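You will see subunit A twice below: alongside subunit B first, and alongside subunit C after that.
Entry: the complex of A and B
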């Protein structure tokens, strides 16, 4: 009975969310078509929709999407490998946790986006400066969560496994890893999100290609309807990727 | 008592945490000697901080004595002996990411039991503790009493000669505790295991034990050993007999002063200890 009510509540709140979005779009429509907001600042949603159709039908977005996704993928793989490895090594002793965890936490709170000019200097305007930035930014949450995951495993699990004769490998495979996994997965999800955000963002600042680059390019050419179409496209891509990563995280948790 | 009857020999064992002079230096156990006989159930009882769990951990090889020696099967213990000794801890020592059945099997994986035997042995030990219908459940889905049954099944499946139990029912309510104690007595009467059982409960000690070792306040040492001459499995009515009451009162008399001393010690040491 309460399950049915749960479902009804969920449907109701979903309805409110959709209604809210539709309301916003309606407001946008009336703002441009009726109240006369300048079309260059805020284009009509119908025009934007037509532009979006054209962008997708023509396949024009493909090269930029490919650049952005490649950057995100490479950055994420790099920060996962380095963050998990380093986090695990640090978590091996209380001493190194005490030394390195505050350092990493401090570095995490620095606005790393400020390194972008430096990275452009090092790696040029091509994808590698964006990859370097995305890797740096996503490294910290991944490393910190890996330390938290491995470093704070309940002693009783380790003692119990030791008393039953677990080898070092068995201790890692059957005790430390499953105990730490939920926390590490959260770190990976946060890492992915910040990598995606920072790469899209830095493409708008200094780049030769990519979705962010395209959006700035269209803004400078005053092609706002098409720019809005690309923004909408990027939002959908980001939402899709985040959904995929979150559901992967949930799946891995449940095992 | 011949040497072959002794399963565990504890000789002049002391244990200190930290170095003398450190702020946290504690003499937990002082010059304790005790022979534990093959097949008996020995209870260790004493005030908090008297070193009874410390002694248990030293028997199990999880902790090394600062002085003296612990021998199991006339070999000195220097590390855990998973083939001879199994532990049941106070609580939450089951792996929460494994089902009950997986927990039991994992213990056997650690101990090195051939994989082919896992299923059969796990099922048998889970049946013995009455968890046949809960094998697929996860620890979080079970009550505290059932979790301790599962932990006991995991220890039993290892088929060790010695079982060390560190306040296994300490976190449970009185009624669950009573039922588990009764079931444990029945279960263990069918085995010839040597069992060392740490408890705070006078009643539990008298009901389960063949002998009860009473500890003094810190630094703990054995003050007296009481024999409970009553065959296993113990009848639930045993608790209502005059004999049970007399033994319980003896224990109470021995413990009361020590508990007072321990409380005063910890009051002097401040809230940190």
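Entry: the complex of A and C
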């Protein structure tokens, strides 16, 4: 009885979700096609769809996508190497954890987007200012999670391994690493997400190329339908990358 | 060997010879005991490095030493329009935060308190929370103009979702036994809300406020930096193009100090109001 009601409830809430989304799209369509909202402010969804098809078919997005992805990749590699290395070194003693961890956590609570003007001054409008910002933002979750991973391994494991005569390498490979890996992987995933977002954001604010730049460019040219198409494209790319990273994390965790 | 045959007095510990604490040794010991002092020293070392680097190695067009930044803060505040821009930013932060809290609380309670609406709307909220709002920043400017309204709206779009999600989680995490107990003792809906849900919500409410504040700061500052014809964004662009790192660093430091103060206020509130719960 209860199971059947549960199933009915579930179907009903699915219905509400689908209805909500369909309602939004219908509102969008009627607002533009029937009630005459200005096309520059809100383009017709059908127009946007055609633009999106055109963007994808013509391959016009490729150079911008390439710039953005390269920036994200470089920033992520830099913050991974620096964050994991520094985090590991700090986690080697309880004392240095107590000295450095609050410093890093404190710096992380400052909105790092504020560094962007400085980086534009240092590195110019090109990709390097975006890479620097992405690296800075993603460095902190990666370093903090590495410290948390290596620094708080259960003492009993370490004592047991030592008393059974584990070498330093064995200790690292068979005790520390497996214990720390899940936490570090979470840090890497968060780092990747924030790097992607901050690079898209800094491209929006000051840049010469990239997906964020393209969106702003179209906004300034008042080509709103194409801008909507690019926004949809960027959102899908971001969602896709996040899904890939999350599933990679899950898979690496299961090992 | 000579001590072998000596009879030690029982029960009296031999006086330990302590090495006289040399100055070096005692500072090291103090550092060991108080990591906070070491932390301050690390910070001081970083600032010293910055000072030295800016004075001798790096082109003064790009980086100026912290002492100079600090000394010219007064000059920065005398620059036409800077105090007004900072004030407006602070006001935008406050308004965006207040709106985020009100909307977040209302939506969070509506969605969290009923199983059905939770199941229906939570996936939609999480979907919206997960989309990168930064891509639609130009739309906010298009709809709300380059004034305060767009920045407040963008700040709310960043601040409201963490608040909703935390409040829903807080409402859902109330132990069912407490609700059952209140029900069986004949509590009315209002009484349950006032005496069971409300006190349990307070910690998650303040946790949500903290996350919301982080989001609002990010959203408002992003929008401020994006609009380069007015407000903070105008001045950062201006100082960058004039190669005036002293003022740029000053402005960024003031904004960072503002962010730290706001974050710290909310964090203190969270600790203070969450302290009754021990588990």
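Convention: the second predicted complex is superposed on the first by the 232 of 255 C-alpha atoms of A that agree within 3 Å, B and C clash if a C-alpha of one lies under 4 Å from a C-alpha of the other, contacts with A are read in each partner's own complex, and residues count from 1 in each chain.
As a convention for this text, contacts are C-beta pairs under 8 Å (C-beta built on N, C-alpha and C of every residue); 3 or more make two chains touch, one makes a residue touch a chain.
Computed from a prediction, not measured in an experiment: that's the story for all the values here.
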Clash or fit (per the criteria above) of subunit B with subunit C on subunit A: fit
Looking at subunit A, which partner touches more of its residues: subunit C or subunit B? C
Between subunit B and subunit C, whom does A:87 touch in the aligned arrangement: first, second, both, or neither? neither
Determine, under the contact definition given at the top, whether A:166 touches first (subunit B), second (subunit C), both, or neither. first
So, A:212: does it touch subunit B (first), subunit C (second), both, or neither? second
Looking at A:157, would you say it contacts subunit B, subunit C, both, or neither? Reply first, second, both or neither. first
Which angle, in steps of 10°, is spanned at subunit A by subunit B and subunit C when each chain is reduced to its C-alpha centre? 80
First (subunit B), second (subunit C), both or neither touched by A:204: second
Identify the partner contact of A:109: answer first if only subunit B is touched, second if only subunit C is, both if each is, neither if none is. second
Which partner chains sit in contact with A:178 here, subunit B, subunit C, both or neither? Use first/second/both/neither. first
Taking the superposed arrangement, what is the smallest distance in Å from a C-alpha atom of subunit B to one of subunit C? 10
Both subunit B and subunit C touch subunit A; at which residues? none
For the complex, which residues does subunit A have touching subunit B? 154, 156-157, 159-167, 170, 174-175, 178-179, 181, 255
Residue ranges of subunit B in contact with subunit A within the complex: 60-62, 80, 82-83, 85-87, 89, 92-93, 95, 97-98, 106-107, 109-112, 158
Residue set of subunit C touching subunit A in the complex reads 32, 35, 38-39, 42-43, 62-63, 115-116, 119-121, 123-124, 130-132, 134-139, 141-143, 214, 217-218, 221-222, 225-226, 233, 236-237, 239-240, 243, 245, 248-249, 252, 255-256, 259-260, 263
Subunit A residues touching subunit C - in the complex, by the definition given at the top: 9-10, 12-13, 16-17, 20-21, 40-41, 95, 98-100, 102-103, 109-111, 113-118, 120-122, 196-197, 200-201, 204-206, 211-212, 215-216, 219-220, 224, 227, 231, 234-235, 238-239, 242
